[in-house]
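Note that subunit A is present in both complexes that follow, paired respectively with subunit B and with subunit C.
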Partner chain A sequence: MRPAESSGAVQWRLVVPAVLGALALLATLGQGAALVITDVLIMVLFASSLNLLTSYGGMVSFGHAAYFGLGAYGLALPLAKLGLPLWAGLALGPLAAALGALAIGALCVRLTHIYFAMLTLACSEIVFTILFQAYDYTGGDTGITKFMAPRLGLDPRLYGALVLAIVSACLLLLWKVVRSPIGLAIRAVGEEPHRAAALGYSPRMVQLVAFVIAGTLAGVAGTLFAVYQGNAFPDYAGIGFTIDALVMVVIGGLHSFAGGVYGAVIYTLLKTFVSRYVTEWELVIGLILLAVVLVSPAGVAGGLGRLGHALGRRSA
Partner chain B sequence: MLEIRDLHAAYGRSAALHGVSLSVGPGEVVCLVGRNGVGKTSTLRAVVQELIQVTGGAVLLDGASLAGLPPHQVIRRGIGYVPEDRRVFASLTVAENLRVPVAPARGAAARWTLGAVYGLFPQLREYRGRVAGVMSGGEQQMLSIARSLLTNPRLLLLDEPHEGLAPRVVDEIIAALLALKREGVSMLISEQSVRTIKACADRVYVIDKGVTVYHGTPAEFEANPEVARRYLMVAEQGG
Partner chain C sequence: MVAVQIVNGLMEGMMLFLIASGLTLIFGITRIVNFAHGSLYMLGAFLTYQLVSHFAPGSLGGFAASVLLAALAVAALGTLFEILVLRRIYGADDLMQLIITVALVLVLRDVVQMAWGRNDVVVQMPDALAGALRIGGSYFPVFQLAIFGAGLAVLAVMVAVIRYTRAGILLRAATDDRGMVALLGINQARIFTAVFAVGSFLAGLAGGLASPFGNINYLLDTTVIVTAFIVVVIGGLGNLYGALAAALAVGVLKGLGVLYYPRLSMVLIFLIMAGVLVVRSLGRQTVGK
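== the complex of A and B ==
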C-alpha cells in the first residue's frame, strides 16, 4: 500500500522552514560547510529527478547518471572547445541531458521491468565510454578542467544560495508536474499500465515524457555540479553516481515526494563526515541501507509519516 | 456497431479463442455467458488488444477493423473497457482516478462529465478525497465503470462486473447498468449469473471452449434450459 499524497497544495509550512533553515546554515557555518551544503543540494535535485521515475513512474533506471554527466559535459565542452559564453553553456547542459534522455528513453521504454533497467544501464555505459574514450574531444579520464572558475568565482556561501534557489525552483516545478494531468498519467501508468492504456494513454509515450523530465532535471543537477567543481569528468556519468542516487531514493523513501530530499541529505552528509573518521564508510552506508529495507521499506519519509500518525493519534 | 467474425486469439502459443462470432448493435446490451475459463475474458481482451494476440478472424467497429491497433488507440475509437479485476489506481484518490481518462476527441459530444458520473454513482462524490485502494470491492467497481465512462465510449465492455460482490452491491451495479442502457450506451457484458441477463440483456451469446455455441434473446435462452445446463452449470462428475 502506497502512502496517499492527495493534497495538491504545496506544503509551504514544510518548504519555507527548510529553505530558510538552509539559508541560515549557509550564512552562519562558514565556507567549508557551505561547500558541503551545496553538494547536498545538488544531490537533492539529482535524487529527486530519479525519484520521479522510481516512485511515480514505476521505472527503475540503472543509468540515471548519464543525464547528470551530459548536464556537466553539455556545459564544459562548449565552453572549453568552442569558447562559447557561460550563459550558453548553462543552457546547453540541461539541453544535452534532455536530448540524451529523449534518445535513450525512446529506446528503453520499449521494454519493462528488469529489461528496462538493463537497457538504461547499457545506454549509460555507452555514454560513459564515449566520454572516457573520446580523448581528443573530452580529455578522457583527465576530464575537462580550467574552462571556468569553480562556482563562477563566487564565495561558496553565495554560490550555495544560488544553488538553493535553483534547486528549490526545480523541486517546486517537479511537484507541480506530479500533480498535473501529465503527472497523474505518469502515476497511473506506473501503477497499472494496462488500465492507463484502457483509458486512452499510450504507456510508452507517458513513460518517455517522464524519462525526459527526469533526465532534464538530472541534467540541471549535473550542470550545477560542473559549475560547482569547475570541471567535468567521465565519472559524473558513471555507475557510481547512478548507484548513489538509487541508494538515496531507497533510504529517503520510495513512493514519497520527499524521499529524494531526505535520502540525499542523509547519504551525502554520511559520505562526507563518516569518511573522515572511518575508511570503510561504505560499510556504514551498507548497514543503514540494510536497516532501512528491513525496518522501514518506505524509507525515512515513510517512517516519519508513521511517526507523525502515531503522535497525532496520541495527542488526539 | 461492434462485429466479431470467427475470431481466433492466443496467449503466446496457447490458443484461447477458436471461433467467436457476435455482434452488438447501437444501444444494445449483449451478454456473453459461459463457464470459467471458456474465453469470455479473452474475447473482451481481444477487442481491446490487451495481453492477447488475435490470430484470425476480424473485429470491426462501425465497419472498420481494429486489427493491429495498440490498446489506447482502440479506446480512443470509442470503446470503454472495465476489466474483471477492476484495477483502480490504488494510490490515487477517487477524484484523481477520475481525472486520469483522456478527454474525448474534439467534436465528440462529451456526454459523460465528472458531474454526470457522480450523478450515476453518488457514493463516489462522497468518497472523492479517499484513496481508491482502501475502498470496498463494490465502490472500486463503481469507480472502474465511472473511469471508463469518462472516455465517453460508444460501446462499453464489462468483464463480470458483479464478481465477488455482495448481493446488495450487485443490485446497485445493475441499476447503474440499466441507467446506462437508458442513456443509449451499447454494452457487451461477460456474465455468469442469470440475474444480469434477465435484468438488462437484449441478446445472449453462449461461449464454450473458445467458440460461440448459442445465440438468442433472453426469453429464448430461458425457454431453453438445456443450453444453460450444458454450458453454464458446473460440469457433472466425469462429464
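== the complex of A and C ==
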C-alpha cells in the first residue's frame, strides 16, 4: 500500500495538460473563477507538503498549519512592523516556516505514532496561541491587515498564473525530492525504521529532513495565501487548517503523490460551490470522508489507479 | 485571593476530568484517538438545552433528568458509530484511525447548526444550585461545588467498576494486552463497543453538566477537544488516574494563570504538554514499536 510510481521520470503527459488546462481556465473564466483557482492551487501545495510526511514519511502531523501560519506571518510581520520591502517579506515567510519546522521537528522526530501526532499538535497550538495572544505584535485575533495590496495589486488572473508557476515549480521539486536518494531514505524510514537504521540511516535525521522540507513548502503556501488575501490571521496556524489538509490528503488518496493534489482540488471546490447552495458543506465533506475510508481507503488517487489498471487490462 | 483561585481551579479541573475521562478510557482500550469527543460533548450540551425546556424551568430534577437522557442519547450515537464505522478500521493505517473520527466532527458540527442554528443558547441553572456558599470568608458558587461532587461520584463509580467487577477485569486486561485477551476467547469487538458507549456517555454527561456554565454554540467542539487532549496527554494516554491528576493540575494552573499571567497561561499549558511528551520519550526506544 505504499507509493508505487513506476519510474522516476516526471509524467509530463499528465503534468503539461494539467498546467495548460489551469492556464486556459484562468484566461477564459474571468476574475471570480481566477480567485477560486488560485485558492485551489495554494491548497494543492499545502496538502502536498503534508502528504510528504503522511504518505512517504509515515508521520501523521496534527500541527501542519503552524508552518502555513508562519509563512503568512513571516511575510506580514516584517512588512507591517519593520517596514521591510516586499521582496524581503516574500523570502522571510518560507524562511520563518523552515526555521519553525526545524525547531519543532527536532523535538517531534524523537516520538512516533500517536505521541508524534500529539506533540505536533501541542507545538502548533503554541505557535497559534502566541500569534493569538501577543496582541501588541500580531494584533491578536484582529490579525494583520493592510500591509500590502492583496495579490500584489495584480489582476486576479495574473496573480493566479503566478501562483500556478510557483506551485508547479514546488511540486516538481517535491517530486524530485521523493525520487532522490533522500526521498528513498524517507520512504524507507517511513515503512521500516528498524531496517533503515540497520542499513546505516539515522531515522531521526531522515525524518527531520522530511519535516523541514514539508514545513518549508507549507510556508511557501502560507506566504502565497497571505499575499492572496492581503492579510494574516492566527487561524492560518490553527487546528482548522491542519484538519482541512489532513482531510484533503485522505480524500485524495494516501500513499500517492497525486493524493494531495486531488484532495485539495475536490475539497476546495466543494467548499466553494456547495457552500453557495447549502450551508451544510462540512456535512457533505464528512460523508465523503466516511465513504472514502470505508469504500476506497486509497482515496480518489487509488480509485483512479484501479480504474486505469482495469481499462489498461481490457485494451491489452 | 490565591486560595480562592486554587479552589476555583480545582472545580474547573474536575470539569476537565469529566471531559477527559471518556477520551482516555477509549484510547486506553481501543487506541482510537476520538477527535469527535468534543463534538459529543457539544451534542450533550445542546440536547440538555432542548430537554430542559420540557421540564419546569429551574427545577433540579428536570435538569438532572435532561442531562442523563442527553448523555444516554449521545452514548447511543457513539455506539452506532463504533459498530457501523470504527469496527471496520481497527488495525488499518495509523492515519485512517486518526482521521476517521474527524468525519464525525464535520457531520455533527453541521447537524448541530441545522438543529439549533449558529447563535449561542443558554441553559438555565437549576434554582437549587444557583447562588453561592460562604466558606471561610469567601463565596463559592453552589453549582460548581455540585459539579465537583458529580465528578467525584463518576470517579468513584469508574474506580469501583474497574476494580471489582468482571467487566473491570476485562478492561484492565485489554488495556495491558489486547491480543492476549482475544486469545482467551473474549469477544474483543464487544469490549470495544462497550468502551466506546461508556466513553461517549461520559462526553455527553460532561457536556450536559457543564451546559449552564456558559454559552453553548457550534464552535464548542474544537475548544473542548483541544483541552481534553491536553489533559489526557499530560496524564498519560489511557491512564485514568493520571487524567484526574492532570485535570486538577491544569485547572489550578489556569486559575492561577488568570491571576498572574493571563496571556501566558495557555502557552505554558501547551509547553507542559509538549514537555511531558518529550520527557516520556527519553526513556523509551522511539524507533518503531
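Quick note on the criterion: the second predicted complex is superposed on the first by the 314 of 316 C-alpha atoms of A that agree within 3 Å, B and C clash if a C-alpha of one lies under 4 Å from a C-alpha of the other, contacts with A are read in each partner's own complex, and residues count from 1 in each chain.
Going forward, a contact is a pair of C-beta atoms (placed from the backbone, for glycine too) under 8 Å apart; a residue touches a chain by one contact, two chains touch by 3 or more.
Model, not experiment: these values are computed from the prediction.
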Item checked: Which superposed partner A:A197 touches (first subunit B, second subunit C, both, neither) -> both
Checklist line | Touched partner set for A:A310, first subunit B, second subunit C, both or neither | finding: neither
Next item on the list: Look at A:V247 in the shared chain and tell me whether it touches subunit B only, subunit C only, both, or neither; answer first, second, both or neither.
Entry: second
Item checked: Which superposed partner A:L14 touches (first subunit B, second subunit C, both, neither) -> neither
Check: So, does A:A188 touch the first partner subunit B, the second partner subunit C, both, or neither?
Finding: first
Margin query: For the overlaid complexes, name the partner, subunit B or subunit C, with more touching residues on subunit A.
Written below: C
Check: Touching A:R110, do we find subunit B (first), subunit C (second), both, or neither?
Finding: second
Next item on the list: State which residues of subunit A lie in both footprints, the one left by subunit B and the one left by subunit C.
Entry: 1, 194, 197, 203
Note to self: Which residues of subunit A touch subunit B once you look at their complex with the stated criterion?
What the structure shows: 1-4, 6, 181, 184-185, 187-188, 191-192, 194-203, 255
Next item on the list: Flag every residue of subunit B that touches subunit A in the complex, lowest number first.
Entry: 48, 50-51, 70-72, 75-76, 80-81, 83, 87-93, 96, 99-102, 129, 131, 133-134, 147-148, 150-151
Next item on the list: Enumerate the contact residues on subunit C facing subunit A in the complex.
Entry: 31, 33, 85, 88-89, 92-96, 98-100, 102-107, 109-111, 113-114, 222, 226, 229-230, 233, 237, 263-264, 266-267, 270-271, 273-274, 277-278, 280-281, 286-289
Next item on the list: Going by the contact rule at the top, pick out the subunit A residues touching subunit C in the complex.
Entry: 1, 54, 58, 60, 62, 107, 110-115, 117-119, 121-123, 125-126, 129-130, 133-135, 193-194, 197, 203-204, 239-240, 243, 246-247, 249-250, 254, 279-283, 285-287, 289-290, 293-294, 297
